[in-house]
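Look for chain A in each of the two complexes below; its partner is chain B in the first and chain C in the second.
Moving on to the complex of A and B:
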């Protein structure tokens, strides 16, 4: 087990492309950290820098107290699970798992014991003599995990390990990896572009964009208190509704005016000097789909604001319905109970929980409140 | 419509059959005629060698050429002559072996190292060198023969086996084929081995080469067949007949002892045929598959 510390780490590829910039954070010993972000945000590059597969252009990277910028991958005591599993096709499952141990010249007897133990944990005991091509996707994934855990490394790196699996298997493997982390207690660094995977697995999430860290926090904090419009939009499914509005002060209260109506903001949450500076200015307002209700349920909300909208589409999800509506030129998605399903073109009145509104600076896209 | 299609298919089938017979006929004739007695060979093919025999003082037996598939009487006399009575043929066969085997081994070895370098390492000159390889590969054989001769002459290798072995060992085709194959090996496999603690040599021998098995097999077969049948290079590089391989000597035998020529051609066909049959699957895979590796 080990902690990982980044100090202003930077990666510039030949040609001047900056993949990761000013990356600073500490990953605690035994923590499960997920690097999440859209394609090209630098998350895989960051992981590969930890592994030693990419050179660090600038900054310092520590494993515990050891500076590892120039340490060879094999000397870092790190194991990695790749997106395409990276199993050696010419070796059996046994030899794939045992490969790292054989290279370290560990006695055959101990290798056998270790491989069998790992195979038992991962339910691979019956598959040890098979070649990778004779395995299903899930089995291959488990072999890749086995190859990583058999070495008992200080840090596990997982680079989108579930993206080649079907939805059902992905859910199953997600929980298996989480259980594995709990049982091993080793530091896990996991890369994914799937925010659901990130939210369900990580103890802390690092949201990245264009090579920069946007926010590092627990999944719930990221969801509840996104620091900017990007994080607000990236975390949560369906993603947060955002629309342009103007902040007004009227009758002792703050209001937002947008193409679709006006909503009064509760003073208890929105009264602050920071917000006051935006009065009369254009801002961006965000509201999560589950903070929209049918008007009939408005009594269950502390500070409801009602808008009229036209249904454009309703998607039945089994447990609920996603209602795509437009209010003026403002497009919104609402997560509602099944009985709210409505035909396209019909009118609905929706209650917005105004206490759950997010306000963002239009220029910097940072959250105001 | 159905009838038209039927006729079309029949014509195609017949055409294919004609081509198949055309291709197979020389091999079948060689094989069947190798079991004919000398007298039967003379009566069937005497006309072909009239001039040659007259100049050497022998009389021909027949004035006509008669392609005959089945011998009147099966005889092993030609094989007995080739294998036991005339050490010359065995010597030439041995020459073939000691020329071709080092070429195959060296070419596979050199191509493996070169292909690994081309596929793994970045260098400013990499593409230029690889491009040069392709150009060299596309050049007609005759273009490179003169430089090869000059180099062999300059290094004093003329009339030694090395004058044939060296140009063969460094032939560019294998490098090209193997590089294309190795480039298809996912980088993640090499990175996984690296993280597991493998050295560069262990990655090369333990990860890359085993996955190029079919390509290596293809190269062995193709190179073996190519150099087993070489004629020009040994004629140019080796002045003494005793050093020349059987492939060169076959043409000499053809002009004189046609019966023995059939038998020796059959003997000469056996090694490449066995190699091909043994590695046919790998050869097809190596050429068509180009090294896709499924994780």
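Moving on to the complex of A and C:
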């Protein structure tokens, strides 16, 4: 078990491409941290720097108190699970799992005990003599996990380990990995581009974009208090609705005016000097799909604002419906109960929970409130 | 092609009834027709000549044409010139071919690592491929002649002149020439194979704590085995071809250890000794088939899990 500390870590690839820039954070001992972001954001590079598979161009990386910038991967006491499993095709499951132990010249008897124990945990006991090609995707991934945990490493690194699995298996493995983390209590660093995986598995999420950390926080905090438009859009499914609007001050209240209507902002949440500076200016407004309701339910919200909209499409999801509507030129998605399903072209009146609106600076895209 | 597709569709739907046999014959004829041109080519240039050679190897003379079965082979194996040629060819190939494979692999591994002047080295090793044999021989003559460059250098160190081509070292000289000519190409083949090894596997090995030697034997060698087979066969074939260089250096009857099987065959061809030529060719073909079969079996066993 170990903590990982980044101090202004930077990675520049030959040719001058900056993959990771000014990366500073501390990953606690035993924590499950998820690095999440779109492809090319530098999350895998960061993970590979922890593993020692990429050189660190600048900054310092510590494992506990040990500076590991120039320590070889094998001396870092880490284990890594790759996206495509990276099992040795010519070795049996047993030999794949035992590979690291054999290299460490551990007595055969102990290796056997350990491999069998791990196989039991991962439900691989019957497959030990098989070769990887005779395994399904899920089984292969479990072997890869087995090879990682059998050595009791201080840190686990997982690089998109579930993205080659089908949707059902992915959900199942997600919970298995979470359980594994709880039972092992070791530090896990997990890379994914899938925000659902990140939200469900991570104790803390690191949202990255273009090599920079955007925000580091717990999943719920990221969802409730995104620091900028990118994080707001990346976390949550369906994506947060965003549209251009102008901030107005009228009759003692703040209003937003957009192509599709006007909404009054509750003073309880939207009164601050920072917001006042934006009065009369163009801003970006965000609202999560689940903060939109049918007008008939507006009494359940404390600060409803009603807009008129035209239904463009409704997607039935079983438990609910995604309603794609347009109000003026503003496009919105609302997650509503099944009875809200409506024909394209029909008119609908929606109530917006104005307390749940997010305001962003149009230039910097930082959140104002 | 449409007919074939239609039949296949019908078959998969289980609708093929009484006419199915007719259709199947038609399908077979169809595929034979497509194969005919290339089969014709292979027949004319390979299969028929091989049959003719086989026939010649079992008759007493092209004129009398009495069938003598294995007599020609018996005579061949008793022939002193054949024995010497076979011995020389085997002793050359047994040493030179493994060297050509192993040295090329070592070079490829070396050039895979981060070393300065990498691309210059690559070009350096590849350049002999572009030089015609005749001009190589010219250079070799200058180097290894009794009054050549190497003897001049040796004289500088007070070592007496050696008549390289006539001496006991002559096979070594030819082996060096052969290696110089084949290493570059083999190396490129190995470099391509090395770059095809899945990078993640090597990274896993790094993380798990494998040393470079361990990585080579437990992972790389497995992935290289098809290429090793291919390179070995190529090198074996080109090791038989050193005849060209030796012939250009020394003529039809070189001294002792440079007298190869091709010299033997070339000389009996000139004497129009068809039976002996045919039986020698058959013996060589059989030997090649056996060697290649052994290599294939070994490769199949060694590389079966890493392919596909």
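Quick note on the criterion: the second predicted complex is superposed on the first by the 369 of 369 C-alpha atoms of A that agree within 3 Å, B and C clash if a C-alpha of one lies under 4 Å from a C-alpha of the other, contacts with A are read in each partner's own complex, and residues count from 1 in each chain.
Convention: contacts are C-beta pairs under 8 Å (C-beta built on N, C-alpha and C of every residue); 3 or more make two chains touch, one makes a residue touch a chain.
Everything numeric here is computed off the predicted structure, so don't read it as measured data.
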{"item": "Partner chain in contact with A:89 - chain B first, chain C second, else both or neither", "value": "both"}
{"item": "Contacts of A:80 with chain B and chain C, given as first, second, both or neither", "value": "both"}
{"item": "Which superposed partner A:37 touches (first chain B, second chain C, both, neither)", "value": "neither"}
{"item": "Which superposed partner A:131 touches (first chain B, second chain C, both, neither)", "value": "second"}
{"item": "Which of chain B and chain C A:289 touches, first, second, both or neither", "value": "neither"}
{"item": "Contacts of A:202 with chain B and chain C, given as first, second, both or neither", "value": "neither"}
{"item": "First (chain B), second (chain C), both or neither touched by A:140", "value": "first"}
{"item": "Contacts of A:260 with chain B and chain C, given as first, second, both or neither", "value": "neither"}
{"item": "First (chain B), second (chain C), both or neither touched by A:236", "value": "neither"}
{"item": "Chain A residues contacted in one complex by chain B, in the other by chain C", "value": "51-53, 73-74, 78-80, 82, 84, 86, 88-90, 99-100, 103-104, 133, 147, 151"}
{"item": "Contact set on chain B toward chain A in their complex", "value": "186, 188-189, 191-198, 202, 207, 210-211, 213, 293-295"}
{"item": "Contact set on chain C toward chain A in their complex", "value": "198, 200-201, 203-211, 214, 218-219, 222, 305-306"}
{"item": "Residue numbers on chain A that touch chain C, as the complex places them", "value": "51-53, 72-74, 78-80, 82, 84, 86, 88-90, 99-100, 103-104, 131, 133, 147, 151"}
{"item": "Residues of chain A defined as touching chain B within the complex", "value": "51-53, 73-74, 78-80, 82-90, 99-100, 103-104, 132-133, 140, 147, 151"}
